[in-house]
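Each chain carries a letter (A, B, C and D) given by its place in the written order, and its residues are counted from 1.
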Amino acid sequence: MLVAGATGFAGALAAHLLWRHPRFELIAISGRSETGRRLDDLYPRYRVPLEIQPLDLDAVGRIDAAIVAYPHAAAAPTVGELLDRGARAIDLSADFRLSDLATYERWYGPHPRPDLLPQAVYGLTELHRERIASARLVANPGCYPTAAVLGLAPLARAGLIADVVIDAKQGLSGAGRVFDDTTHLSMAGENITPYKVANHRHTPEIEEQLDDLDPAHPDLRVQFQAHLVPLDQGEMASCYVTPTRPLAEEDLARLYDEAYADEPFVEVVGAPPGVREVRETNFCRLFAAADAHTGKALVFSAIDNLWKGTSSQAIQNLNLMFGLPETEGLL
Amino acid sequence: MLVAGATGFAGALAAHLLWRHPRFELIAISGRSETGRRLDDLYPRYRVPLEIQPLDLDAVGRIDAAIVAYPHAAAAPTVGELLDRGARAIDLSADFRLSDLATYERWYGPHPRPDLLPQAVYGLTELHRERIASARLVANPGCYPTAAVLGLAPLARAGLIADVVIDAKQGLSGAGRVFDDTTHLSMAGENITPYKVANHRHTPEIEEQLDDLDPAHPDLRVQFQAHLVPLDQGEMASCYVTPTRPLAEEDLARLYDEAYADEPFVEVVGAPPGVREVRETNFCRLFAAADAHTGKALVFSAIDNLWKGTSSQAIQNLNLMFGLPETEGLL
Amino acid sequence: MLVAGATGFAGALAAHLLWRHPRFELIAISGRSETGRRLDDLYPRYRVPLEIQPLDLDAVGRIDAAIVAYPHAAAAPTVGELLDRGARAIDLSADFRLSDLATYERWYGPHPRPDLLPQAVYGLTELHRERIASARLVANPGCYPTAAVLGLAPLARAGLIADVVIDAKQGLSGAGRVFDDTTHLSMAGENITPYKVANHRHTPEIEEQLDDLDPAHPDLRVQFQAHLVPLDQGEMASCYVTPTRPLAEEDLARLYDEAYADEPFVEVVGAPPGVREVRETNFCRLFAAADAHTGKALVFSAIDNLWKGTSSQAIQNLNLMFGLPETEGLL
Amino acid sequence: MLVAGATGFAGALAAHLLWRHPRFELIAISGRSETGRRLDDLYPRYRVPLEIQPLDLDAVGRIDAAIVAYPHAAAAPTVGELLDRGARAIDLSADFRLSDLATYERWYGPHPRPDLLPQAVYGLTELHRERIASARLVANPGCYPTAAVLGLAPLARAGLIADVVIDAKQGLSGAGRVFDDTTHLSMAGENITPYKVANHRHTPEIEEQLDDLDPAHPDLRVQFQAHLVPLDQGEMASCYVTPTRPLAEEDLARLYDEAYADEPFVEVVGAPPGVREVRETNFCRLFAAADAHTGKALVFSAIDNLWKGTSSQAIQNLNLMFGLPETEGLL
C-alpha cells in the first residue's frame, strides 16, 4: 500500500490506519512538501516511522493499491498513473465524485482525466458496497456528503424528501493543514462561523447521491450550509426535511432501524448524539425525529470528519476491495 | 438598582454591568443560594464587592428598578412584589414573554401571576423601543429569540417568510450554572450536540414575535433547533427562509440595510460573521444572502448569548426606561 | 474480570479497555450510583453494553481479577473482599500506594484495612515489573506520580537529585466526574489554575518512590504543584532538578536513553513533547535537557492522565499478572 | 497617537484601546502587510475603522506619541525616527528592554540603535512609575517578565530569593499572529507543550529586573520555562522560590499586601487565581504561599498576556507620560 499526499491531515491519518492495519502493509508515503521528514516527526501522534518522499512510482515498485490524498485536479493524474500500472486507487479528492463532467467543471474547473470518470465508483460504503468491492477506482466521498447522505438515504430511497435544509458543523481539522486566520486557535477558539455561504462544493455531490436514491424526484435542490466550531475532529449534519407526505414518529423510526439494521458502522440511536461519541471511529451515529408541530422530519448525523468522513472510510473501502471483513483494522 | 438572583450567569453579569454603569447605582444583590458570599468571590471576573443576601425587599429599602434573574415560575411572584412597591422590573425569565396564557401554561405549567401579563412589554429593544421606554414590567427575551427575531424581522415585516428553519448553536454558558454531564469540560469539550429536539420552549416565543410582525401570515410554524458547541459565550442563529416570492440579492441587502440603519447595536455586515466578533458586547451582527440555487434566503445572526441575548439587553432596556442614551454603559 | 466503580472516568475507561481486550473477558461492572443504566448509555463513547449493578460478589460468581475504581477509604474493604475470595485486585485509589501507614493516615484519615498494606505492590509498571507479575494486590499509581516518577527515576537512581520542583498541568478529566464551578466548561475553559497549593496528596507518593530509588538521599522534599488547564485528557509534568553534581547534556541524554531503551511504553524523545502525542495511549513521552545557564536538569514527562496515568496502566499490570505480553490490548 | 505595526495581535489591541480611550486620539495605524485593509475588517472584534497604511511619518503629521509593535531589530529604527521628530515612543519589542548591549546582542543579534539605550526606561509600571512619567522612550516589558517580576518583586526587594524556578503557561495569543503547526487549533487544542527549553529570551530580562531590585544578590540565575496551553489570552507564572531565610506564611502575606497596597492594577488575593479572572483587563492577580514541607515560597501570578502583558500596560504607561490618571481608559 501507498499513501500519496501523506502530509495533510487526511493522508497522514490514512497512513496511520494502514500502518497499524493487521492485513495491509504500508510500504511508502509521499508528499509534495516536507520531503525527507519522517511522518512520526511531522505528526508525532501517528507512530509511522516512514520517510516522506517525492512521489516516484518507479522507485516504489509494485503496489496493490494506493490512497491518494491530493487536492482536486492534482489527484486525477496520479490516480491515472496508478491505474495504468495495475494498482487500485482510492482518491480522497473531489476529482471522481461527480459523475457529470459539466457539473464537475462548473465547481472545480477543467478535469485533468475525464476519461477515467466512467470507471469511478462513489465510495460511500453503505450505499455502493458491491460496486466498490470490484472497483479499481473509488472516489471517496466528502465528509459532509458522508454525514448528510447517510442521514438522508432512508428518506430519499422512500421518496419522502420534498425539501431539505442541511446545517452542518465541523471542527477545525476539516479546514485541513491550512495555516491562516481561520485556523489559529486565537481566532478559531471561542468562535462559530458559517463559511462558503450558499456556495459549497459539496452541494452537487449530495444532490447527485440523493437523486440516485430517489429517481422520482430528480431535481431536488439541497440547501447545504457548513459552519466551523471550535473543536478538532467531529462533524454534525442537522437535516430538516419537508416530507412529501406526513410522517409519524414510529414510521420514521422503523425506516431508519430497517435501513441500517445490518450495518456494522451505522448506529441508529434513540437520543440526539454528540460527535464525541464517534470521535476517532468509523461510526456514523444517526437520530431521526418527527416534529409534530411543523410536520418536518429531523435527522442528526454525527461522524468524525477525518475518520468515517475521510480516511477510515477509505480503509473500509480497501477492506472490501481486497475481500477482507469490512471492519478489519477499524474496531 | 437591585439584582435578584445574582448567583446564576445572567444575574451575575447583570450585577457586573450595573456596578460599572456610569448612571445606575447597584445597591443590593440577592440569591437563593450562596448567601453570605461576595459576588467577587463567586465570580472573580466580576469585581462586584457586594454580598449575596436572601431577597428581603423591606431590608433593601427604596429602589427604582430591579433585574430579576430567577427561573420561570419563581420569577413572577417577585416581579409582582416589586411592582407593588412601585419599582420597575426587568424579568429575565420566560414568565412574561408570551402574551397568551394558554401557550405559556402548555410549555411552562401554571402561571403564578397571570394578572400581570397585560402590562408586560416584550423587551426586544429594537422592535418595541417605545413601549419599553414607558413600561413598568419588561419581559427580557430569550437569547435564541433575540438572535432569531432580529435576524428575521426585516423579512417578516415585509411578509416574506413562507417557511423557516432556524438552526442555532450556542456555547456552554447558555446551559447556565448547571453542573452535570452536559457542562463538564471533559464531556462538553470536543463535542457538538443538538438538544431539546423538536421541543424547545423558545419556539412559541419566536412564533409570537414573527406573527406580530407579519399579521398576514398568522400561523407560521417555525422549525427551531438548538445545539451546544464547545465555547463559553456566543450564539449563532442560522436561518433558512423559503420566501413568499423570489428575492434578489440586492433586494435582500437593501431590506436589511434599511431596517437597521439607525440601530446602535445591530451591525449588518457583508460577510459571514463569527460569534467572536460580538463576544462580550451588546451587538448583534447580521449577514443575509440569497441562494440562487435553492431560491431560499439565508440569514446568520450572531450575538453573545449572555450579553445581547440576556443581561446587556436588560441594561439597554433599563437605559430606555430611565431616559438615558440607549448605549450608556454598554460601549 | 470485573470493574468495581465503573461510573467514574477511570472505571469506565478500564471497562472499555477490558471489553475490547483480546484476552480478558469483562463479565460485570458495578457502581454506587447510576445502577440499572448501561455503560454505553452513560459513556456513549465506550461501546460496553453491560449494565451497572450494585456490587454483589456472590452474584458475580468466580472472577480472576478486578479493577477497583472507588475513592480512597471506600476501596480498601472491597479490595479485601476480593482477595478473600481468591481474586486478584488492582486498586486505582490511594489506599495501598503508601507503604507507611502513618503517612497514609496523615493525608487520608484512618485506613480501613492496614493489614493488607504489606502485600500491596506499587503498580508503576516500569519500576516494579517483577513484583507486579506475582502480586495479588496492586496499588495503581496516581497519575501525577506516574508522570513525575517515570520522569525522575533515571536521575534518582543515579543519586543525582539534590532538589526538585515538579510543576504539573492536567486536563479536566483529572478532576473526575465531579460537577462544580471547577469543571463547567464556562469556568474551566480559557482558564489556567493552580490547585491544592503546597498541599497535594501525591507529594508523599512521589517522595516514597524517589526515596526508594535513591536510598542515599532519604529525605528529599519534593515541591509538587498541580494546575488545571483547559483540555480533556493529558498531563505534563515539568521537572526542575538541582543536581547533586554538574550534568552535561550528553550524560543526561545517555542516562535516559539507557534507562528506557527496552521499555515498550516509554519514549525518550529529542524535542519537547506535547500531550497530544500520547493522548489515548499508554505511552509516556520524556524529554530531558541540561540548562547550561542555571546548571539545572529539566525533564518533561507527558502522559494521558486517564490512560497511562490510570486505567491503561492497570491493564498493563493485569497483562503482567496473567502472563500476557505487556502490550496486549494496548497498542 | 499612532500605532506602528497594527496587524499583529499586540498592535491591533493597542489600536483598539487607544480608539476607545477617552483622552487620547488615535489618528493613524500602520502595518508592513495588509495595507489598505481596515483594522475592523482584519480584526472584526476591534471596531477601529482606520485603514492600515505603510508607515510614513511625513504623511501622518504631528503626533505626540506612538506605540511601536514591530519585531525586535525592526522596531529600533522606527523608534529612533519618532524620537527625532519629537514624539514619545512606547516600544513593544525587546529592543530597549535590556540595558546591557552585550546581553541584547547575545540573544537578539546586532542592535540597530544602541545609542538610544541610555534613555530607555523599562516600562513595568509598578516598578518604574516615576521614570516612566518623564520618559521619552519606554521599553514595554515582555509578557512573561511582567507576570514574573510583579510576582517576585516583593521577595527580591527584601533580598529573599536564593534560587527561583518560574514555570509559565500561556495561551496561543502569546504565539502571535503566526500561522503554523503550533497555532492551528487542531494541533494546539487538547495539547500542552513546553517550548524554548532552557533558552528563552525573557530570561535575561527577568534577571536584570530582579538584580536591579536586589543588588545584594547580583548573579541570580533564573530558571524560566514557558509552555503553551490551549486557550487564547491568559498567562500564569508559577514561581518556586528557595528563600535566603525561612519564611512564615504571615510574613509572606504581609510582604505582598504591603508591596501592592496602593497599586490600582495589582490584586493580592487569598486563594490561587485563575487567568480567567484577569482576562481582558490590566490586572495582575497574585497569590503567595509558604510551603511548610519544603520551606519554599510559592507565588502565582496571573495576567492577560495581551493586556497587562503587552498592550494595556502600554496604555497605562502612556497615561503616566501624559499626566493622566493611570487607570484612564483601562477600567
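Please note the rule applied: a residue touches a chain if its C-beta (ideal position, glycine included) is under 8 Å from a C-beta of that chain, and two chains touch if they have at least 3 such contacts.
What you are looking at is a predicted structure, and each value in this text was computed from that prediction instead of being measured.
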Chain whose Cα centroid lies at the greatest distance from that of subunit D: A
Between the pairs B-C and B-D, the one where more C-beta pairs touch: B-C
Whole-Å separation of chain centres (CA-atom averages), subunit A against subunit B: 38
Inter-centroid spacing, subunit D versus subunit B (mean Cα positions, whole Å): 38
Approximate Å spacing (C-alpha centroids) for the pair subunit B, subunit C: 46
Overlap residues in subunit D, where contacts from two or more other chains coincide: 171, 189-190, 230-233, 273-274, 276, 279
Of subunit A, residues touching subunit D in the complex: 9, 171-173, 175, 177, 179-181, 183-186, 188-190, 230-233
Residue ranges of subunit A touching subunit C (in the complex, touch as defined): 20, 44-45, 189-190, 269, 273-274, 276-277, 279-280, 331
In the complex with subunit C, residue positions of subunit D that touch it: 163, 165, 167, 169, 171, 187, 189-195, 197-198, 203, 221-223, 225, 227, 229-236, 238, 240, 242, 272-276, 279, 287, 289-296, 298, 300, 302
